[in-house]
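Some structures to go through are shown next.
Paired with chain B in one complex and with chain C in the other, chain A is shared by the two complexes that follow.
Up next is the complex of A and B:
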């Protein structure tokens, strides 16, 4: 049906030709959101405003004047982006009830293109975590938990008992966005990526997750975690769609002085047929401890795929990879300590009833508003920033960061165009298993393959590759040179075409989508 | 390094976040132990990196007022306000010391 298509050629064309209207599309997505409520992917569904936006889009199509490819396309946004008139919570008690007075630049840009904002998606509290399990609205469930592919592979006694206890996590922290795209409730979603928060859930949910180069997309309106590493992330069902969304949001923003001033030109991805001029690097340190044999084999097969197609595939070394997590731990907590200082209850957000003094009110507000994970990071960060620790921890970590970034520079300078690595150490684990370890331990383990790209500010993308033995998605990651998104996405698109990742078989989608098109069995999107 | 009670109190004051219990303190100690792995890396002669965009000039716009007049909008999200002021409880009152704090917490 039409819900299952990628955007560019199919749905956009359908909208243009009047085969489906923006209102119909919006209503279908809203209905699907309702019937997949158990996924807990959405914190806020902006039904009224979405339908209004869809109506406006419909008027434009009738006049024959759509704003572009994104006009009328339903999207969702991670709940750490400000959205005018819509609650923005960061999945925290600290911001419950906070109604943004402005749109984040990326949100504004999408709305200016006619995109229809369906709602705000769930995440780990303040984007801290790798499971999307630690927010105040509860954990997000991976749609694949309910797929025919997963159910077929699970050894079950009673169906209902297993569904309740066997569901797997989405990964995080942009789990809600990944689940929303994966379950067809929207065509694209915004996430954020500081240590892998877009690519990790993309891998677990079988969708494309793009982390752009630091400085390409505006962070204005994205509630900051680590100012020197945060980027808005893009989640879609195919690489072409990611390129379209990128084209709509990238570019200099005077409101974010960390966006580069180079002129950004949106691009279409060519259909690569000849990869013989390509040099693919395989960093040996990404064969990390704990990497499942399944993913290792898949990674190896992917390298062979490129080799057999004529590309040059070579092993490379990024020697400081294993320090990126420690480095991140110090820099992240330090920047978090600073960024979280703004939450004092005075201007916005939660405010404690404690009224004896400013300091006691601040302390009580922050105790009541933040969960343990956030509070722990604030305290650690402040420790590393103490005068007696500054040099040995914060400055030291900044030096290690330079070493990590230089590793990449050296490899790219040696003639390698793109790096190919796994995205995660394993497929998605069941929630009951995930919560046995604490947040920091999990983040430490799960971020190892994604974090270094944030350290170096490089663009990276997860491409869904195959299903695991348990019937769950496994993705592989491509890392590119700074600001070379076109090359990165071109290679990713070629790879996507080769692997033909299967479409998720979800009952809820089939039931609702008696759409205009015949349901196509083929998994190729573009 | 052993984290002294003095440092803990100091951190709570700086962060305006409390450790709450022994678990919180343990979490900090584990975090420090973990961070100590940084010592394994030789960083002689390496400059600290503030930003991956260090080779570029930061954009600065003209110091002209281009937007504003949104007082009403901004005040909407504040809980305590009077006319166009955010209202804070009295300042210049230090937080109670650690043991005093325990009793004040019990009271609240």
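Up next is the complex of A and C:
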């Protein structure tokens, strides 16, 4: 129970009071990144620039003029966000060595607040996948694989089994970011969420994963997967921190025409004590085939928790949930096929040596640059977009999408404030087991609980809830109304307080443990 | 031999006259150093997003109104996919489903039998106007087996104007395009200079026997001037007629006009029919336009395009200008066409009229016959005329006051062309071209002539 008031340290306050300096904080994080290299959470570590940023932050603190709560706070960013001076690879051969000339808006906003950018985190290639296993830099390992909690539980297994082959996946596609936050190498990380890519790894890595409402946060500079569903995601160790990061990055961006014009006001989360006015909806369709009995029980307990605290808890129905996978498949691949058309080797990125003709150069470049998963989706997408197929697939899928979105509208209109669902079907599986099925199969299975929120553009958050029998994190998901992030996060924060999710016990973190480093272990920075 | 009817439709791309491109802030400029006007978005750098340029929308609305179209208060953007070196994103953003303007018309005039004396008015329906991106330029360097790509033009705003197949020959097509050009230039929505690629015309041509359904059509591209447009269309019509009369068939193909040979040739086949895999552009919300009625009270006017406001601010279109000229100056309709057709000529004419007592309907003759033919002979524009409106007015005043004869005036004009800086009066004095007004002097001269030609006088008296 590390979230008890006594243990909860406030890094920002510590920075302000000079108990720790930005440079010290930065160095600790960099050291921890080095000692947890086996997690493969980072693709690029920007040591030099990070230290420089920390130095600048330190100057500001000395002057008594920090830019805000985020000043000096080490963060990391998923490698599908554009960053100047630091490679942006999308974990693909297509963009190996690519250095963007501009920062994504969300990155710029964080830097403008004084955040220290430690590096770019690992992902599935071009964010396609649910394991963070299919990037060219190799898979990301879930830090919980090396936790005392997990190791204790796997003692019952054969002692001759190598720790190496036992490690579990982070989930995906923002696995690197989730692992980075989970292993304390940074205080917050940016991910992206198209079908669950922030919430899924958040659940498996025991961290908070927020998917904001579509249109709230700028996508300018986020290399797109599905433009009509992508959002930047926020990963932190507690809900309050997620609110702080959200406050720094949300709001209209003239460079992104899909962001809403309304003024966004950052908010602080109240400490909810009375939930009697809340109506929690439990969508019965989320009792999906394959849902582990463990998670089912946890979900049920959570519902009871709310009921016992006085909230109204009712079963609701989202009848079109079962069509969301195929619908997502059609719309996602169609947009992917379109978005990937720009990768031809001409202006940037990998260019094949094949130069007999422009066409052959394009074909070879794309064959060499993309992995099977990407190419598979492009082919599918192009198929659905063919004139003769467009009506039957794309248009149909658009209609089904509207139905899925209407399901939510109806439920929220009926008086429900928040929906409570599981985030994943089970706890994290071992890598060796995960790779037995292909990427498409896995994505199909794993996205079921998360991607309806992307279809409908709704905000959703994973809150780490409890450890599984295997000692691995299980999270539960809250889905809220459009642009009602404050309400969503308030409820999530109350829930977080009730469940008191345990802190990960990592050797590497312990080794660096001394007075100053208490801040590192702190769940929150705000 | 049964008669043939030709059917001609046009697809016209007009580059929008704006400071920046349709979806990005990079500049629009002709003949800039290669790849010097390319934003991150134009280069399709991953993660960049389109932002709609308001000025381009206004240009399209203006053009739609001038062409009597219905302006769609809600129009949509789509992606049209194909791979080509000058299309960095692998798709063009266009308006395929719902364009910004539809169902308009354009009236244009033709001279019957090549005489300027008989003009007839024709109308062509405008199917639609859509906003879309221009592509970059690619140049094939065969000696070094490479393709050079210049993206300066990539992303520049275009209005595609689709004219229904209501035209029947090259002359009609040319006249319609000429009128469109004038309209665009008057509005300022496009400079529409074909030589600079600001106006590109593709012609769709087919032939059939009267009463039969339309024949297979071909698309003719690579037409670089209005004159060539007429030639290309007429050639293609002839070619199709000959082909069919010889028992052949017409292929639904794309042909290029070869201006040197004056014929159309098949273009390289692009793997049969292209499927462009149209898809809605997800990064651009629907384009909503307002009018006075639908405009919400609290909306920021900077953020909004108001169709009624644009309509109010439309300048006089060429047809209106011509009618006004005819009325005001009592000239013939065909005169007004010539005046508008020549850049600066109307202004010149009006300036002369202002500065002279000669009636405008007499002045027009001097403008169109003398001034214009001289300029044409020497390939000069009105701006480059060595004779200014002031000088011409001066000369015409002398004529009007009967100080010189018409014949003498022409002589003076011939001198003025030399541009030696002399005034008409100075030339008259120099060449002794003054009309003699004095009765006695005239009598003396006449007597002299009679005295000097006794024989001729006797012949005349005898009859």
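Assume the second predicted complex is superposed on the first by the 499 of 526 C-alpha atoms of A that agree within 3 Å, B and C clash if a C-alpha of one lies under 4 Å from a C-alpha of the other, contacts with A are read in each partner's own complex, and residues count from 1 in each chain.
Following the convention adopted for this analysis, a contact is a pair of C-beta atoms (placed from the backbone, for glycine too) under 8 Å apart; a residue touches a chain by one contact, two chains touch by 3 or more.
Since we're looking at a predicted model, the values are computed, not measured.
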| item | value |
| --- | --- |
| Touched partner set for A:219, first chain B, second chain C, both or neither | second |
| Partner contacting more residues of chain A (chain B vs chain C) | B |
| Touched partner set for A:335, first chain B, second chain C, both or neither | second |
| Touching partner for A:346 - first (chain B), second (chain C), both, neither | both |
| First (chain B), second (chain C), both or neither touched by A:321 | neither |
| Chain B versus chain C as contact partner of A:82, first or second or both or neither | second |
| Contacts of A:387 with chain B and chain C, given as first, second, both or neither | second |
| First (chain B), second (chain C), both or neither touched by A:376 | first |
| Touched partner set for A:260, first chain B, second chain C, both or neither | first |
| Which superposed partner A:359 touches (first chain B, second chain C, both, neither) | both |
| Set of chain A residues, in rising order, touched by both chain B and chain C | 101, 228, 254, 257-258, 261, 337, 344, 346-348, 358-359, 362, 382, 386 |
| Contact footprint of chain A on chain C as seen in their complex | 40, 43-52, 79, 81, 83-85, 88-91, 147, 149, 275, 277-279, 282-285, 303 |
| Complex contact set, residues of chain A against chain C | 81-82, 88, 90, 95, 100-102, 104, 219-224, 226-228, 254-258, 261, 334-335, 337-338, 340-344, 346-348, 358-359, 362, 382, 385-387, 390, 394 |
| Complex interface listing, chain B residues touching chain A | 3, 7, 10-12, 14-20, 24, 27-28, 30-32, 34-35, 37-41, 43, 46-53, 56, 58-61, 70, 73-74, 76-80, 86, 88-96, 104, 108 |
| Residue ranges of chain A in contact with chain B within the complex | 98-99, 101, 214-215, 228, 252, 254, 257-261, 320, 323, 326-327, 329-330, 333, 337, 344-349, 351, 354-364, 366-367, 370, 372, 375-376, 378-380, 382-384, 386, 393, 395-403, 405, 440, 444, 456-457, 482 |
